[in-house]
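Look for subunit A in each of the two complexes below; its partner is subunit B in the first and subunit C in the second.
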Partner chain A sequence: MVAISKKKEAPLNEFNQIVAGNSLTKDAWRRLKKNRMAVLGMIIVILYSLLAAFAMFLPIHPYDEIILDHQHLRPTLNKSAGDLMMETKLEDLYFKAWRSGSLVVTEAQSEQIKKWIKDNETNKVWNFCYTEGERQKAAGTFTFSDADTRTIERLQKSIDSDFLISVEKIFWKDMETGKIQNLAKMSYEEILPVYAAITKLDIPTIEAQVLQEKRAQVMNSIKETNPGLSEEEYQSSLDIEMMSIGEKGIAATGKTNLLGKIKTTITRSSERTLKQEIKEGTVSFPIDKKVTISENLSAEIEATKKHSRHYLLGTDYSGRDMLSRIIYGGQVSIMIGLIGTLTSVFIGIIVGALAGYLGGKVDFFLMRLVDIMYGLPYMLLVIIFMAIFGRNIMNLFVALAMVSWLTIARMVRGQIMSLKNSEFVEAARSMGASTGRIIFRHMVPNSLSVIIVYSTLRVPAFIMQESFLSFLGLGVQAPYASWGSLVGDAVNGMTLYPWKLIFPAIAMTIFLFAMNFFGDGLRDAFDPQSKNQL
Partner chain B sequence: MTKYIINRLLGIIPTLLIIITLSFFIVRVAPGGPFASERNLPEVVKRNIEAKYHMDEPLIKQYGRYMFDIIRGDLGPSFKYKDYDVNYYISNSLPKSIVLGICAMGLALLFGISAGIIAAVRQNTWADYLSMGVAVIGISVPLFVIAPVLQLIFAMKLNWLPTSGWYTTGEGYLTIILPAVSLSFAYFANIARLTRSSMLETLRSDYIRTAKAKGMKNSTIIYKHAMKGAMLPIVSYLGPAFAGIITGSIVVEQIFRVPGLGKFFVQSSFNRDYTLIVGVVIVYSLILVIMNFIVDIVYAQLDPRITYK
Partner chain C sequence: MATTSTKKPLLEVRDLKQHFPIKTGNLFNRKVGAIRAVDGISFDVYPGETLGIVGESGCGKSTTVRSIAQLHKPTSGSVIFNGIDMVKADTRTMLKARQDMQLIFQDPYASLDPRMTVRSIIAEPMVIYNNRKLLPESMTSHEMEVRVEDLMERVGLNKAFKNRYPHEFSGGQRQRIGIARALALNPKIILADEPVSALDVSIQAQILNLLTDLQKEFGLTYLFIAHDLAVIQHISTRIAVMYLGKIVEVSDSAQLYDSPKHPYTVALLSAAPIPDPKVERERKRIILTGDVPSPDKERDGCYFYDRCPKRMPWCSCHIPPMFDITDKHEVACWLYSKEDVSKISMEDAQADAAKIKAEAINKQ
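For the complex of A and B:
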């Protein structure tokens, strides 16, 4: 006894053993760690979130860059886009050769090809023609016609020489002071004279142009969101809109527009020089260099061979990289899942806490409202809302958050009602704490574990709802992507381009799996009694 | 009990009223109208069209007229499809959706309950793990992924089932299988998990132990005694399940090209076909509300502990 009391006072039980206090969270964490699937789920969720959060730092192609030459390239481990383009072209040429009779195959094979065409099995036809043609060409029994050879040569040449230029930084040297400045860091007022010097226009003309462009842009977006108004109504709403944008807004757009125009000029001129250099054979890709356009304008440009890109997971209908679309789509989906859940939890806590604490008439009305809303086919109302009020991410949030706070409100109400008469609330009340303080500083934090557990289970449901809407074409719009819109885009033509369907579906399924296991594990850990309940 | 039923029936009315009012005003408050896309109409023609559909009247008068028509069972003319009225379209497409929904619900109940019971009775055997594994897939994989993947595998690659269509247009009864199976999958999964957990709980209760002590046959205990008690959570799950099947059918009908109500719904929302949207919403809500009502009554019948006043 004496020896122990010298140390810090530890609570002892009747057998002189130290009784360590265990907090609820600590206990839950211990239980969660035992559940292997839940831990795996947690790790996967964390990985996905990291991937989504740092998507912009990953060495992947831009998710919205359209390269029409790279339409519907299949996934590949080692072939470049150029190889695949050549393959597609050859498939086409061999098929045409078979049609015209110059590629000779046996009677049985011919019948097989016809059957495939009838069954819409185009992929098999392409494959067969390609392997057969390559075999015959190697054996020397088949040669392309002159026209075809020329086509192939032309394609090969463009594969070898096409390049993409991106302007990284633009520098402007002030002739009087000799100071070199990065254009991106200059303000609109500073860029104006630069642009004037480059284009040899006077500043008022440029300013008028910028204003005109901004007006046209705003008008377009007004017309898109509110179709069917009269011309006067459009004009007046344009004026109001322009007023609210103000000079700052115009300057911001003006800067982007002018920078874009200068970039285009630089790209054009360096394209010309590069083409010349390629002809002379003095370049090797990739290029990363500084070019001088005129005596005071210089830029850092990067040029890569256009068709040497690798698309690990293939491309979509406008040549965008599927891998980066899936990653950025995951970013959008996870963001919507998280923010949407937070919003709905926020509304739910407020309604539930008020109903539970105040009781009486407030409780009655709020809960009747919840009951009635439960009876509504609310996804239908969300669909109408999205279809009519325009399809953008903001509306999606609003529509989904408006209808998904019901369960959380009921749950919080139950929690609050059970805590209402506990001693610590009594104590707070006796010390004169206000209703708001009691609810939000004392009761809500005490029911937070239940709320958090429920929220983790809401996230996958939210992602599913968002994807459901995006699938119908009512959610996220191109060039942005979400898992749902990717699957939705892929459904048409999935026999020809199955990778467009399979990869986003797998990415999404793994995440939802992980999220469900993690959520279930959390719930079991915090509330062991509820095991296996829905 | 009778009083409870009457009370519940009366409770349906405000719900429906709210749905009708809400959808009526959501579609009309939004900018743009059903005729906005038909450009360059002369002002006179436009005014005539609007007068024909009473669009020139104040909103509140339109609302009154619409409510009056609904009470008489008339959902009004379609704004977009000129020749027919909403009743015609709904009565044409609703049966297809109902058949699809009933098939999906039936599949989910049949396989969900049996898988759940097997998993509970043979707890921690391969049967348990298998059915719960399939159930986890059903919960995690969204409907719009399952449906195209099933279509890709069973219709396009293996050629066992037709890709799309519906049996009423002469493509055989096999067309029902894929849409119904994909629609039922998520509900199968939920029902199986629910059945398993509630069955496990029931099997541990005192009255089952008594029955066992009396020396009753195992199958009698499970199917006669435990089943009735274990069904309660499933019955209360059916309400949300019906709502889910209704929204899910929109996707399934789109993927498998079933000419049902769901296809009309999305199309009419895009077209701003006011009367058709509100009409479809009313029909869906009516189905949902009636289903919830039936579920409540069944629940009251099953659970002797609950007394309704």
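For the complex of A and C:
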């Protein structure tokens, strides 16, 4: 009955299309879809967020693995780290050869090199020396000295043979029951006899050793936080600290320590066998195999050739992959940008709307609070907060969100105050709408344009603030990265290693651009009177 | 009030006062005075009639309507609607009573939320009352959708326009949306706050006719505010004239236009142009001197005393009550008092006023 009447009476527009009910959010979505730049921006933002969120599962090198041989490798599409290392070495040797006079170049070229050196354009010098040296070597007019040849050979050998080994899983076979267990899943009490069996020590000795290690660790941290106490005071605070840690804490530390030790043992022993096998030439990388250390200890290990890695975007000063550092840095930066903005907008809207709508004493007190917080230098507030509650990323979020809602609260308050006396609000009140409904259904949507524009401006500001804090040593700490800290680190060697600056900067710029387009699109989408009509 | 009628009034307003405090200081507010926007008015509205309230700008017409609808909490007095005193009732009772009392606003451009579609605007009262569980039976969203379409058709809007936003409509169409919204809850009385003053004359007529049609169809009662005398004459069955927060004259529409009694009403009516050049040229206008006084002080005489062309010493210190002319015509003017007060000198009048005041204090 209802369905029939609906069909019969369905409202038709001038093209005989049935008009279905609609609302501002649905309309906004349709309008947003029409705005190509905004959709592009949205896609980029989502892509970035996905990349950051699933960085763990991407086939990239670990972002915190330091390989000192791979320092400052330039970005490349096809060359492996070994090739680049060799190139760098050769550049260096050719340059030295030119210095010592064994690499002969024309007078003009020599002048040019000197000029480059004077202008600090080291990269050009190296490039020239390398190409010239290779050319002369191929033509047979230049040969390396014996010492240099040996250096090159040594390097080539280590490039060919160096490998990285990592222990994935350790298994322990119980001799009595014959059960094979994963060591990582065993408890401290279960690992103790295993370790005892491997090292042939008795259990009480090991326990004492673990306790000693834990005490030393706690003592170190106490000494670090409260320097200048007497030995007795240290002892007493150590005892208190150990009490509070308790059996469980000691067991947890003990487990990690023992596991680490067992891992080291396995790594060493398998390294030995691998080296032997390489000498014999019986292995091919990458290796992913199960090794047996003793009759009841076995492990899964992975080994890769150290210098066969490819670094698409180069490496940083301690040989970490820039690509994965940028992706992992995005995690922090995007989180800071988005979560910081969302929380500050959320707090700002609530405070501003309450102050603006309720007025009177509520307004007075809230706005004075805002004034006071404005008066304090906000960086100082953040620094104090971080100092009190400790330096971790969560606290960084809280600290930044805590001080950044002020401006938005004021803006929203102004908007709400101007809307408060408009007739449509009065109409809503005459219909019995509650304060919450009036604020969130009528006033906030009508001030959305200002809020959205401001929040899209906030995102880059947050990313910048975070990098500033990182620069001060209060933000993310190595080995963690953020775009800000990557750029900050790269500024030092800007001319020598420009890629370290350029890539994080490009990543950041694209994100911020996308964010701005997206925000612009959102603002237009939520404004029915905007120009991009349907 | 001596209006004798067998019918029971739908809305009774008794001694309604709406004073807005003037405050100084930020934190510790000190009240230094009050704007007496509505200063003790009483009237009845009977089912099915249209009571027009007319008066110049700033005389408190709109405030009266807002106080009746409890958009401002009245300072004192009572508004009895459906047998419930809305001033004293708690929020829920008041909301339940107010379901039958809806407003139409003056500016159709400002009274519709620019971010809402027509559909959401018209459905909003239903959604709110549904959420608050104040409707006799709860409505599904489909029922609301159907009702919205019905209402749109009823007020003369194409229902295919329901997804449009207010800015896509003309002023007259917007006012129709406002009317549809007011009708959504099937109200008994509609308080119309100058619903046509922002519209073109041709559109005014359309909207007025629509309102008349709706009144016939749904048996609505209107409390209609306007400052346009022609509009008021067209639509009202009874008219109340307001000046400075007081009602000075209440009468049947025809009677008021034929024989205005209060000097202010006479002046007001004489200001209306007559669409006949000959009559217009010969017509005598009564021009009031001075401005409307500020409503921020308490008065103990006639509110119109300062500008009245027929003032008497007595008026300066005695507030006139409503005097009956006929059973449907009341005037607040001492000229129509049964005892003649025109000969009383200023001194005697003031002495009399002082005596009354002293008696009042003694009584307390």
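Criterion: the second predicted complex is superposed on the first by the 373 of 534 C-alpha atoms of A that agree within 3 Å, B and C clash if a C-alpha of one lies under 4 Å from a C-alpha of the other, contacts with A are read in each partner's own complex, and residues count from 1 in each chain.
Definition applied: a contact is a pair of C-beta atoms (placed from the backbone, for glycine too) under 8 Å apart; a residue touches a chain by one contact, two chains touch by 3 or more.
Bear in mind the structure is a predicted one, so any value in this text is a computation, not a measurement.
In the overlay built on the shared chain, the residue A:494 is in contact with subunit B alone; subunit C does not reach it.
By the document's definition of touching, neither partner reaches A:302: not subunit B, not subunit C. Of the two partner chains, subunit B is the only one touched by A:387; subunit C is not. Contact with subunit B, but none with subunit C, is seen for A:372 once the two complexes are overlaid on the shared chain. Within the superposed three-chain model, A:153 lies out of touch with both subunit B and subunit C [touch as defined at top]. Against subunit C, the residues of subunit A that register as touching in their complex are 2, 5-6, 9, 11-14, 19, 21-24, 27, 361, 364, 422-424, 426-434, 437, 442, 445-446, 448, 526-529. Those residues of subunit A lying in contact with subunit B across their complex are 119, 225-229, 372, 375-377, 379-381, 383-385, 387-389, 460, 464, 467-468, 471-472, 474, 484, 487-488, 490-491, 494-495, 498, 501, 505, 508-509, 512-513, 516-517, 531-534. Residue ranges on subunit C touching subunit A, taken from their complex, read 26-27, 66, 69, 71, 95, 98-99, 102-103, 105-107, 110-117, 119-120, 124-125, 128-129, 132, 134, 142, 145-146, 149, 158-160, 162-163, 165, 167, 178, 181. Contact residues of subunit B toward subunit A in the complex are 14-15, 18-19, 22-23, 26-27, 30-33, 35-37, 136, 139-145, 148-149, 151-152, 156, 159, 190, 193-194, 196-197, 200, 233, 237, 243, 246-247, 250-251, 254-255, 265-266, 269-270, 272, 277, 280-281, 284-285, 288-289, 292.
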